[in-house]
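Given below, in the form of structure tokens, are the structures.
After this come two complexes, each holding chain A, first together with chain B and then together with chain C.
Now for the complex of A and B:
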């Protein structure tokens, strides 16, 4: 893998984070596992949310596409509501080495504002999008509120609840962060840890 | 006039660092100047063990160094050589010899003149021979001062050698005043080199879109090359673009549409041209492509193997398809009319195609 290119990409991407809102951070010490953050596009049910995307770079990068999936739960026809898997051509057969992590994240952001129900990843969501659009919008907005927003009050409440269950506070905070604010997922992590 | 030059001493020993720019000849046919310079000055420390000849020579550049003079001093030896056949028209008659030194000099060395003539005379053109011994010392035979040619001659005006004219391109005194062909050659190669440097400077900043590094700042020389795509103008380093085009389509990518296309504009290109410089115009690109193809055309195709093998690229192959006797392959395409009215080109069928599948029981 081209480590110097990854270094360069991270530097470039995090330089204009104020403009793009896109941020990439290291998940571990190695450069192979990263976390990208994208803001929900304005004028969509995802507006106001912050979405985390798990990025795994293979040895073939940049000649192979990075493996990306949503960590934050999203209600979207092309994103699995269960696993977070993303159905996007540039992450599969249309990948090009001239694309970067940042441009890939930008494409995902564009996918959020322009769903492709004809080529769905999550059939249930796609059906809803096509048949009951208003329900889709309200569900997507609700999911954004519930999982993609880290209002300080919400986090404090979640931490409070989990601490009351008998887990140490620092562990709770890191588990919540890893789960993208999903209280149940964090609880699951805490129990298995 | 014969443009005879003296064989380079360093070249003879296989160690001339100046290469093509040496003012001495690198052609084995040219005569060697094997005369000991120290002997000319009176004493050679090696005595009889000296590897150079201990003869009194009149024509060596070093002999003129014994008489201190200014650059056009090569004219000095002119009356020496024309002396034996006095009265005959000399080629250099127009030149005025400096009168101070030449009298004593000529009287001393005229006796030895045939020794030189014997060495030099071997390769002289017939018209020179017809002039006979009078074949005067041509200023074109004199090498120019190598110090001046390299940039600066410490002896300056006092230098006994010819100082070359200033080359306007490289700014060195390396144009031989009496060798028009060599001047022209140097001038052209100098301009070519200058253009190359210019282009190299412009290419310095260009980044490869795959590794995001400046192509010409890569660590090893082999990596410092561009890979030019035939159909579009996006710059990549040769390593990156070749890597991409040859990466295994295991990830479900389509070989032709994804891998053969430009990573940026996705335009399909069928071949990549390696180049040290990046081009700034269509014509320059065309030139790079053409010179690359010409180079490949001079190399024998290893698939064709002088007619023993078969090349999968057929007539589109960039390499040379020639038989052992130098005959080029002649291709006659068989056109077949298909049912739907289209014309297809029939592939060559070889007996070996059938034999390799044959199983002998």
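Now for the complex of A and C:
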């Protein structure tokens, strides 16, 4: 892997985070596991949300696409509501080494603005998008409120409820984050830990 | 079999023995084998460069230089001979000569195989030498400027003091003018130091794939310029298309971008800090 390029990419991307709102952080000490952050596009059900994307770089990078999936739960025809897997051509056969992590994240942000239900990743969401558009919009907006807003009441309340059950707060927060904000999943994790 | 052919065959066998010893890091034995091969067939450049490589491992740089010079006499196009001669000269602190040999090796190496590890290795050595030179020179320059600035400031203040004792009145205006002059002097010296302050390399001198300053730029029919080695890797691993325009692209369509190469050279001559490798 071209480490020097990845270093430069991170520096470049994080330099104008003020303008783009897109940020990339290290997940561990190595440069192979990263976390990208994109703001939900204005005028969409994702507006106001902050979406985290797990990024794994293989040895072949930049001649192989980065592996990206949503960590934050999101309701969108081209993103799996279960696994966060993303259906986007440039992350597959349309990848080019002239693309960067930042341009890939920008493309994902564009995908949030312009779903392509004809080429779905999540068939349930896609059906809803096509047949019951208003329901789709309200569900997507609800998911944004529930999972993509750190400051939203949701998280604070979830933390409080779980803490009241007797779990330490730092564990609760990390469990909630790992579960993408899903309270029940977090509780499961806390109980089995 | 003629005696000459017999000698050649024997020498080849000795080279193989030498290579075997070298691969086991037994450099003394390898040197002995190559020396015997040279005695039998002194006109085969590889025997000389192989022995030079052993001397390099033992840090016997004078001998590296001798063997490489001999090899170059026999074969002007030997990448290894020019490369190791360059290293030997840098060791002797014959900087300009050493850099010239490395550049020669780089050009020859690229002609032979632009993607080879040798090319990358030679570039690294070259960049390191150039960076060290810049560090040395820029420290000297900065020290000289600092000293000169101190002297100029002192002289200016002295003059201002003498002027003010001759004139009476307008104290405020004079003080303002004096301060302005000192500030202007400061700006002049800041400007003079600018080239030596590491900043960003302009985007147009960087490859869109490596994101690094061009070394061997090639232009595609779409008009986009890339680093040659990385574009060849792209053909091999991704596909035969221009990475930005996605138009079909065949390796034979690549043309060296000499203008960008010159621009890079001019930039690096002025901003040696850009040789720094992450």
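Here, the second predicted complex is superposed on the first by the 186 of 193 C-alpha atoms of A that agree within 3 Å, B and C clash if a C-alpha of one lies under 4 Å from a C-alpha of the other, contacts with A are read in each partner's own complex, and residues count from 1 in each chain.
Quick note on the criterion: a contact is a pair of C-beta atoms (placed from the backbone, for glycine too) under 8 Å apart; a residue touches a chain by one contact, two chains touch by 3 or more.
Being a predicted model, the structure only gives us computed values, none of them experimental.
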- Query: Quick one: chain B and chain C on chain A, clash or fit?
  - Reply: clash
- Can A:131 be said to touch chain B (first), chain C (second), both, or neither? neither
- Task: Could you tell me if A:60 is touching chain B, chain C, both of them or neither one (first, second, both, neither)?
- Result: both
- Scan A:92 for contacts with chain B and chain C and give back first, second, both or neither. first
- Task: Figure out whether A:161 sits in contact with chain B (first) or chain C (second), or with both, or with neither.
- Result: neither
- Could you tell me if A:8 is touching chain B, chain C, both of them or neither one (first, second, both, neither)? both
- Item | Clashing chain C stretch [against chain B; choices 62-70, 116-124 or 134-142] | 116-124
- Query: Common interface residues of chain A with chain B and chain C?
  - Reply: 2, 4-5, 8-9, 60, 62-64, 95-98, 100
- Note on the structure: Per the touch rule, the chain B residues reaching chain A in their complex are 209-213, 234, 240, 243-244, 247, 251-254, 258, 263-264, 266
- Partner chain B, residues of chain A touching it in the complex: 2, 4-5, 8-9, 60, 62-65, 92-100
- What residues on chain A touch chain C, complex-wise? 2-5, 7-9, 12, 60, 62-64, 95-98, 100
- Query: Okay, in this complex, where on chain C does chain A touch?
  - Reply: 208-212, 230, 233-234, 237-238, 241, 243-244, 246, 277-278
